[in-house]
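Labels run A, B, C, D and E following the written order; every chain starts at residue 1.
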Amino acid sequence: PSHRVRANETLTVFAAASLGSALDAVADAWSAESGVSVTLSFAGSAALARQIQHGAPADLFISASTEWMDAVEQSGDLQADTRRDILGNRLVLIAHDSDAPQLTIDSGLDLAALLGDGRLAMAMTDSVPAGIYGQQALRTLGQWDAVTPRVAQSDNVRAALAFVAQGEAPLGIVYATDARIEDDVTVIGTFPAESHAPIVYPAAITAQSRSRAAHAFLDFLGSRTAAGIWNAAGFSVLD
Amino acid sequence: MTLTVSVQHQLGDFTLDARFEAPAGVTVLIGPSGAGKTTLVNTVAGLLHPRQGRIVVDDWVLLDTQAGRVLPPHKRRLGYVFQGARLFPHMSVRQNLLYGRWFAPRTARGESLDRVVDLLGIAHLLARRPGALSGGERQRVAIGRALLASPRLILADEPLTALDEARKAEILPYFERLRDEVSVPILYVSHSLSEVARLATTVVAMKDGQVAAVGSPDAILGDVAVVGARHAASVLNARVVAHHGDGLSELATGAGPLFLPHIHEVPGATIRVRIAARDVILSRERPHGLSALNILPGVIADIRTGHGPGALVTLTIGDERLTARITQRSVRDMGLEPGQPCHAVLKSVAVAPEDVGTGRID
Amino acid sequence: MTLTVSVQHQLGDFTLDARFEAPAGVTVLIGPSGAGKTTLVNTVAGLLHPRQGRIVVDDWVLLDTQAGRVLPPHKRRLGYVFQGARLFPHMSVRQNLLYGRWFAPRTARGESLDRVVDLLGIAHLLARRPGALSGGERQRVAIGRALLASPRLILADEPLTALDEARKAEILPYFERLRDEVSVPILYVSHSLSEVARLATTVVAMKDGQVAAVGSPDAILGDVAVVGARHAASVLNARVVAHHGDGLSELATGAGPLFLPHIHEVPGATIRVRIAARDVILSRERPHGLSALNILPGVIADIRTGHGPGALVTLTIGDERLTARITQRSVRDMGLEPGQPCHAVLKSVAVAPEDVGTGRID
Amino acid sequence: MADFLGPDAWLAVLLSLRVSFWAVLVSLPLGILVAHALARWSFPGKQVLNGLVHLPLVLPPVVTGYLLLVTFGRRGPVGQFLDTWFGIVLSFRWTGAALAAAVMAFPLMVRAIRLSIEAVDPRLEAAASTLGAGRAWVFVTVTLPLILPGIIAGAILAFAKAMGEFGATITFVSNIPGETRTIPSAIHALLQAPGGDSAAARLVIVALVIAMAALVLAELVSRRVARRVSGA
Amino acid sequence: MADFLGPDAWLAVLLSLRVSFWAVLVSLPLGILVAHALARWSFPGKQVLNGLVHLPLVLPPVVTGYLLLVTFGRRGPVGQFLDTWFGIVLSFRWTGAALAAAVMAFPLMVRAIRLSIEAVDPRLEAAASTLGAGRAWVFVTVTLPLILPGIIAGAILAFAKAMGEFGATITFVSNIPGETRTIPSAIHALLQAPGGDSAAARLVIVALVIAMAALVLAELVSRRVARRVSGA
């Protein structure tokens, strides 16, 4: 469905920090097309969700996890039927060594042996989405118990990347999209998609939004123009 | 106008328990170091709240613990010259001086800045900050600050100690003037007996937190128990009769005429003269050919001796009493006894300007 | 042992430019408030680095800006009694007193704590903190602290001003003892001329940052230009001959025998006596029947008159000179002229204990 | 400058300055009052006040931010009250960012001021009172000038802290460009995205330059004031 | 206590105490030295030192953490040096958490101590020097006791800050239970997941109790010391 949009309208989008510059580019493209300016507020999904629950002036919420979107939905802060999963992502194993050999990641992998006495950098495994998915994957692959004592958790992607980039930790698990931020890490394998729950970025319009442009922008997120940008950043576009 | 003080307070081991009543004028507190003089003044200032007490100036109740009345310091209209100047370091000397002005009621016509500055010789310091002033300069500014607050009660805790004789001699008359003309009651702490003699209307001698004696300067300065025999003195009321061409002033006293070095008072003025007992020489016969100008005939009223080699011989001369301190050997050699006629010999110049004050004592 | 001081320094508008040389003993700095006494003492202490200067105690160079030598204060082995006590608030009185001990070399046998505490009457304060001490108590602790540092040079800036006469009289002899027995050089600031007379080996009179006069106490105290006619005095060397049963001590002086109230020195001891010019009476004939015990025959050497009503008449009596201050009227009446014989009359008790010091002056 | 940074970052710089400036300015009187109360008064609940002041220091900023959101947010009790009665909305406005910064900086400010109040010689205040100055006047004419170095120190500490505040701000008022995206939030956002490092580094440099300038200025003023106050 | 919290949270509490304690203890001498240098000495680069000290206040904690990682990490210049010569490894160790906390708390500590040094009457120090005390002795016997209240204030501020430090710590040394997961890290983790609030609240309460106890203790000690120092 297409929505009519008035120019001079502004749209406030609360988005998970990891969408970063890709969403910036998408928003720019849409603004150029529609004449509506988009204000993007990037923070952790948890903070954004709580803010929306406390009446933040957001029109659109793009979360990095289904959990926080569920929480917002349950508290009645979303417009019915606007929620959709727009993006997907993959987990990758990264290494500090630029000439580390490529690996196939399956249950035959001995991650603990690869680590030696080094650490495995991950996002927080019981709270940050990337960490939760990573933990699921490692469990599925039977690696978790062996590597648990060697995991170094950080509260955001950037920190996890920095550990590997600095050689502080030899290996790390991050999103495929994150791996592109940092030049000093090498992707040495991708986790099988079925080893963890699907990684999706749900988006929805908030209950308090009166903006009609929000619907248009939500549509635009799944458009072909947007898809090009998403793919270039490493996301997969869902529909 | 009277000052009634009655306070009891405990500070660590020190107990202050002082009561006295003083008439209008200058009440001088004397006593050895640690006697409680500053502590007493602080209770009058309201900086120390005594456990129990009553302080009244005339009908104005500053403190009455029984009635639950405690006037805060800023409502007591004070001019307090602290022991240790307590100047405001962040203000210039001028601002320090004018600080009290701010808070004094408009109607209180006080001293002018120029006059006080002149008197204290601090004109060249006005723009300076007090941090680098010399000890004496600091003290003078502190005096000025208190005087310029147009106070209804002046408290001065050893205000002149840090000053040289010349400077003291300039400032003392000012306090006299406050007492006599402006009639501000003054509570004044001093270690100097000549300051006491000149200024005091009433002397309160303190010891170990208690009032040891209260009385007129004449009574207290003559009281060997209080001041010690060496400092015994008489204080005579006198009237200026004439100023002579050779620089001497002629006074009329109850003891007869007295010639002293020039006194800066107009003829007719009433003054008081402290005559230290140690400056008086006695002679049975009227002596001749001495350089001493004042020879007063009298009768021996009393001879007191103590541990030392000295004796205090008090003569009745006319209406006055004059005490001389001489050696016991002289008493013996001269065969002095009460009732005998005797001459007091007094040098003009033995009476220093600091011993001559204005105003009668009673 | 000599103290050589030559300093030049600028503080704001104030210029210090002082030079003097003083022999062993006590060098007393006098001068009006703001004259630069404290500033000068601070340069000797090393707390102020003068732009230019040289300070030498004997052969020990404390400062020589030309040679680039500046001894830091803590190496000067000082005992500095500050104007304003500067006690350490976080230490007990005892700790304050013993502070300098810590740093003094073991070999320097100083005073014992007990002795100093006793002398200063501060035994009951030892456990107290200095915050709540009275002004005089504070000052006494400060004196004790300096004395107990086993100093090689004592600096004392008006150490006795906050004290009452009785206390002063107890502490002064202690400084004399330091001068005479321990022979620590002492630089002493004072406003009190009797302190000067008793203590000084050399007097340095300052004015406006400069040295106005240097000399023996006799010379300076007799110098009307420095002390003013009213404070002129003679200082006589004397030897204790005997102590009489009636409490008088007999002295031998170059001017003849002198009877004074008991002097706490053994017979044979050399002392000095300040005789204020205003306490001396002159008589052409030998007077009889006076209570004054000391009558010294001499010859008029000199008569000086100034603006006031007074005249300074100096007699040559034996080997000594004694100055009397009498009125010009008496000079005229008595027909006094240089060369004439004349008697000086002096009361025993006119010489106060604070006027009697130990040690000769030269 | 705007060239060096790009318009968005420049916006963040201006915003940070505004937020920090107002955070310090508005909280200063309260800071002085609280410091004075803690240093000189005795009243029941003094320790509670003391604890409350230090709270933002002890709690993780996220918690402080969350508490602010719950209290001052559009749906929070205080937030609603302010909105209904005064029309003041803090949430997701720069004013909210200033509130967060002020709260986070408050303990630093109070402690600095308190230390200087404790160093004021009470005998000077007593002297002023004998000269006729009531409590308030004593404070204004004696205490306040004497603690000026401490106030400056407290203000500069608070300003620096406000410039660097991140956790509470982003949690309370999010990260909205031009409204609540301060320098630290901008840096944070830049670091999450590919290629943001150099832009982030530029912002860090700007933050440093501003902080340094503020520090040096404060140092100069403070030294001057201290000289005045020492009375020399 | 451990029951109220659960063993993991309890571990975090113990760790936070250890980290904060050592952070304060080890940085205190340096803090005093730097405060003294800033207050009393004059030397070239003084303003730079001053700026450096305030850096952690101005920068977003993440940046500070990142800089620590780059400098003190296993491959960082200082980190390597410490490792090779002293066998000290900071990365992913509680010692690293202590370093992060110390660095973040340093500006607060220095400023508090500096303010009290500036309040010391130099005439007392001069008096000590005339009594034979050299520079060092003057400092130890006069300056140090007089600034004790400031040192206590600085230490308690630093301790509180260390207890609350999060951003730099997690960035520098991650969030390893029992090694680097301090109270704030644990709270943060709990808050990131929906439904973690009540567990987080319990930890917040524990943090508050500890901080309050520390504050009250410091207040008591400090008041006592201040009384001693004021000489009454």
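Keep in mind that, in the parts below, contacts are C-beta pairs under 8 Å (C-beta built on N, C-alpha and C of every residue); 3 or more make two chains touch, one makes a residue touch a chain.
Just so it is clear, the model here is predicted, and its values are computed rather than measured.
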Chains contacting each of chain A and chain E, listed by label: D
Touching chain A and also chain B, the following chains: D
Interface with the most contact pairs, given as the two chains involved: B-C
Distance-maximising chain from chain B - centres being C-alpha averages: A
Most remote chain, CA-based centroid, reference being chain C: A
Mean-CA-position distance for chain D and chain C (Å): 60
Length of the line joining the C-alpha centres of chain A and chain C, rounded to whole Å: 90
Centroid spacing, where centroids are CA-atom means, of chain D and chain E in whole angstrom: 20
CA centroid of chain B to CA centroid of chain D, Å: 57
Multi-chain contact residues (two or more partners), chain B: 132
Per-residue multi-chain contacts in chain A, two or more chains: 156, 158
Multi-chain contact residues (two or more partners), chain D: 62, 66, 188, 191
Contact pairs between chains, per stated definition: A-D, A-E, B-C, B-D, C-E, D-E
Interface residues, chain D side, partner chain A - complex: 62, 65-66, 69-70, 73-76, 91-92, 170-171, 174-181, 185, 188-189, 191-196
Contact set on chain A toward chain D in their complex: 12, 14, 17-18, 20-22, 24, 39-43, 47-48, 50-51, 54-57, 156-158, 180-181, 233
Chain B partner contacts - residues on chain C that touch it in the complex: 11-13, 31-34, 37-39, 83-84, 124, 128, 132, 134-137, 139-140, 157-158, 161-167, 191, 193, 228, 230-231, 244, 246-248, 259, 261-262, 278-279, 281-285, 287-293, 308-310, 324-332, 334, 345, 347-350, 352-353
Contact footprint of chain D on chain E as seen in their complex: 47, 50-51, 54-63, 107-108, 111-112, 114-116, 118-119, 149-150, 153, 157, 160-161, 163-164, 166-167, 183-184, 187-188, 191, 200, 204, 207-208, 211-212, 215-216, 219, 226
Partner chain B, residues of chain D touching it in the complex: 123-124, 126-135, 137-138, 141-142, 145-146, 228-232
